[in-house]
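Take a look at this one; I'll ask things after.
Which chain is which? They are A, B, C and D, in the order written, and residues in each are numbered from 1.
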C-alpha cells in the first residue's frame, strides 16, 4: 500500500477547540447593527502559517442550525494568541460577536495559500474588513519599510484596526480614505490607480476587499502591467477543497477552489 | 360581528420577553451530566395565576433549531421574580442552563389550570423535579399547616429545592425518600400508599412526577377512594391547545389537551 | 435594504373571491380554531384564518405520541383530530371575526363524494370565507396524501368540492411527496380550483434508540418548520411557472423576510404554520413587520414584487 | 444508556463483496477525493471512502454561486464538477488506502450506455472496492434524478452497470423526490443491484431578496444536512421493508447516535455527508465514538440492533 499523502497545501491543517480570550468591539456604529470586533483566541500552536491564510471558525451556538464554519483571515498570530478581525454581517458572525471569554470555538486552519512575500516595494490595498490579513502581513514582513497600505472604508475609521496597524508596524507608509457617499468612490479608485501605477515596474500589489473593488484592482493592474495578487472572499462550505462550492474560473477555464488553491490568486490568472 | 372571546382558560395568557436574573445550580451530580438549577426571571406582572400552572420558555440560543418552547411549572412567583426549577435533560434545558444574567427569554403563560386549593388535609406527592409546583402551592395555600409533602428522589436531596420548601413553609409536614436502587421503589410506594389511605376520606391528594409514578398514585387513589389530582408532563408543541400534540384520553374516550385542559386532571377522569 | 422611501407600503392582496388586508394566513392545524391565539394579538389583523382540518363527523385522531422535534423542524401525526363540521359552525365560527377577516375551513374526507358533502355543509354557511381542500395529509390511513399524489384523484376531489361550493373560493392544498408537483397542480387547476396551497408536510420519521420505538405512534409523520422552507419555496416557484391561478405559499415561514421571499418566487399569499409554536405571537408580529420590511426594500405593493425573481 | 457491559462492542459489518471495519462511509461529493481530509484523521480508519461523483470525461460543473446555507441544511448545485475517471485512477486512487479501506466510486453519466462504459473503466481497476450509481442528482441538466424517478430507467441503468461491473459490488443511490421510493427500490433490486443507497438530496431553492435572484445560479439545488434526516430515515425504513438487499443510509447524519438510529431502522451501513462541512473531523469522531455508544446501549454487534425497531 502506498502511504497516504495529502496535497502539500493541506498537510499542516488542524481542527482544534480553542478557548476564547476575549471579544473586543471596535467603534460601535450609530445604528448598532453592523459592528466590528476582534475575536481573540488562544494560540493554536501551529508549526507553520503564512499571512493571507485563513481559518474556519464555529461557535457552539451554531448548533446544527448553521451548517458551515465561517472564514476569517488570520489578522494577528503571536504567542499570546490568534486574533481575528470580524465584521458582523449575518447569523454566524453575530453569534461569534456574542462569544464569552472561556467559550471553546472550533477552528480549522491554517487554510489556503497566503500572500507572496517578496523583497520589493509592496502595495497593500484594503477595502473594509479586507484590512484584516494585512496586519499579519505587515507584522511578519522582513522589510516593512518597503510596505505601503492604502485603506478605503465606509464605516468610521475607528471601526477598523487601522490605528493598530500603524502602531504595530510604524515603518510602513499608511493612508486611509473614508468613502462617505457613492460619489467618493471614483476619487478613491483614482488614488488606488495612481498607487498601482507607482508599483507597476518593480513592485508588488496585494489587494483584499469586496469583489467589485478587487475587479477594479485587477483592471488597473492589467492596464499598468503590475504584478498583483487578489485575496477572494467567496462563500465557503468546507474550507478544505472538498465541496467545490467556492470555485473561481482560472484563465485556463478550469474551476479551482478558492479555499485550497487560494484565497490569494495572481490577478492575471483568474477571471473575475 | 360578535366580539372575539378566548376561552376562559386562555384569557390571561401573555407572551413576554423576561430578563434572566440568574441561574442557580443545585447540587451538581458526580457525572456532571444531569443537573438541576433554578432559573430566576424578572416578575412577569400577571394579574392572575394559580399554583400548578406552567409557562413555556425559549432562550434566544434555541434559534430556529429548537422549534418548541419548553414547559416548566411555576415554582415560585413573588414580587422579586418568577422562579423555575429545571432539571437539564435535553437540548432545550441545557441551553437554558447556560443562560446569562441579563439575557432575555421568551415566556408565555400562565398556562393550564393549576391545582385545586381546598380547606382540607392535603397530601402533595412529588417525584423528582415534580417537586417544582408544590413550592408555589404551599407558599400560596391559605392553611399551610394542613399540608403534607412526600418527596421521592433518585439524585441526592441537595439537587432539589426540598430544603427551600421547608424553610419557605415551615408549617407543613415534609418527608423525603431517597430511591438509591430499583429495590427501594416498592418501599417508597408503600409509604405513598399509606399516606393516600390516610387522606382518603376527608383529604385531597395531589401528585406530580414521572408518568409511572402518577400511574401508581392513580391506582392507589382508586383503591382507597381518595380524591386525587395528577399533574401530567406530556411533551408540548404549542402550550396553548392548538397543536393537539399533548393530548390524553379522558374517561369519555375524548382526547383532551394537557396544556390547556390540564396539566392537572382529576385522577378518575383520565386514562393513564 | 435596497432603498428607503417615505410612503407607506401597502400589503393588501386580492384573491379570487377574497380581499385580504395582508397576505398572512394561518396554516391549518397550527392555529387551532383560532381562539387559542386570541390573547396574543388581534385576530382581525390577520389576512385570513385557516382553521384545523375538519371532517363531517368528529375524529379522535391518532394515538400518542403524535409529535417529535427534529433539527429546525418537527414531525406530526395528529391524524386530523377535530370536532366535526357541525360543532365547528356552532361553537367556534361565531366567536371568530369572520366579518372582517376571512375564515377558511380546511377539509378532510375519505372519498370524493364525502368531500362534496363536507364542502356543501361548509359552503352553505355564509360566514365561511373559503374552502381549502386537504388532499395531502400524510397522517391518515384512508385517502390523505394518496389523493394528492395522483393527478386524477386530486382532480376528482377538486371537482366534487367545486360543484358543492357554490360561489365560495376553493383552494387545493398540494403534497410535496411527489416526483413532479406541477403535474398535480395542473390537473387540479384544470379541474377548476381557484387557488393552490403549496405545501403540506414532507413524509418523515424519527426513532428513539433507548426504547427502540418510533417517536410517533403512527411511525411516520409530516415534517414541517424552517427545515422544509427550501423545498416549499421550490414547489411554489415550480407551480407558479406551471399554472395561472394564485398560489398560497406555506412551509417553514418564520418571519417577514421569508414571506417576501415566497412572494418573490410567485406566491400571492402565505400561511404561517409551525412558527406559531415557536412563539404564539409570531403571526401577529409578521403582520406588523411586513409593511415596514416592504418599505425597507422599496416595495410599494406586493404586485410590484410578486414573481419578479430573475432567473 | 440502556445497560453497561464490560465487553467491547464490535462495529464491523459485512456487505456483498465488502467487509467493513465499521459502517461509516463518506457520502459522495462531501469528502472530495478523500485526500482533502487526510490531515484530520486516518483515512484507513473509515469503513469505506466514497469519492466525488465521476464521469467519463472531466466536467467543469455549474456556474457560481453553487451553495447556499439554509436552516439546519444547505443547498448545492455543484453540477458534478470532477476530474474524470482517467485522472481519478491515475492521480487520486493511488494515494488512498484502498488496500485496507474500500474506495467506492460514485458514477454519473447521461444514459445507460455511458453508465456501462464508465462502470467498465472503473471495474477494470482492481483497486476499486465498489461502484455507486448516482441516478438521483438533481443538479444536472441531462439525466440526473430523472433516471431515479422512473423505475424503468433506473432499472436499465442498473443492468448496464451490473453487466459492466464484473464482480464489483454495485450500489444504486435513490432519489427521495418521488411519490413512493419503494417502487424504484424494488425495480433496481430486481435489476440486480447489490445494495441501495438512500437518499440523495431533496430538491430545494433559496432566493435573495436584496438582489431578487436565486441564491444558486442553477436556481434549484439539492437540500442536505440535519434538516432532511427525518426524510432520509423514513426512506431507509420504507426501503428496508420493501427489498432484501442491504441499504446504506444517508441524509443528515451528524453523530454516532444518528448512525445507530439508521441501523435501528434497518440500514446496514451509513454515509456521512454535509456533517463533514460542519467540522472536517466529523467522520473520524463518529468512527471513534460508535463502539463506545454501542456499548452504552448494550449493543454488541450491529446485527443485534439492525431493523429491531418495534412498530
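Basically, a contact is a pair of C-beta atoms (placed from the backbone, for glycine too) under 8 Å apart; a residue touches a chain by one contact, two chains touch by 3 or more.
The structure presented is a predicted model; accordingly, all values stated were derived computationally and were not measured.
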Partner chains shared by subunit B and subunit D (touch criterion as defined above): A, C
Relative to subunit C, chain with the most remote C-alpha centre: A
Subunit B-subunit C separation of Cα centroids, rounded to whole Å: 35
Distance between the centres, which are taken as Cα means, of subunit C and subunit A, whole angstrom: 46
CA centroid of subunit C to CA centroid of subunit D, Å: 34
Residues of subunit C engaged with two or more neighbouring chains: 71-73, 226
Sites on subunit A at which at least two other chains make contact: 64-65
Residue ranges of subunit A in contact with subunit D within the complex: 1-2, 4-7, 10-15, 58, 64-69, 106, 108, 234-235, 237-248, 253-255, 260
Partner subunit A, residues of subunit D touching it in the complex: 29-32, 35-40, 42-44, 52, 60-61, 64-67, 69, 71-74, 76, 78, 81, 94-100, 225-226, 254, 274, 276-281
Subunit C residues touching subunit D - in the complex, by the definition given at the top: 2, 70-73, 75, 149, 177-180, 202-207, 209-214, 219-220, 223, 226-231, 233-234, 237, 252, 257, 260-261, 264-265, 297, 308-311
Complex contacts: residues of subunit B adjacent to subunit D: 64-65
Interfacial residue positions of subunit B with respect to subunit A in the complex: 61, 63-65, 100
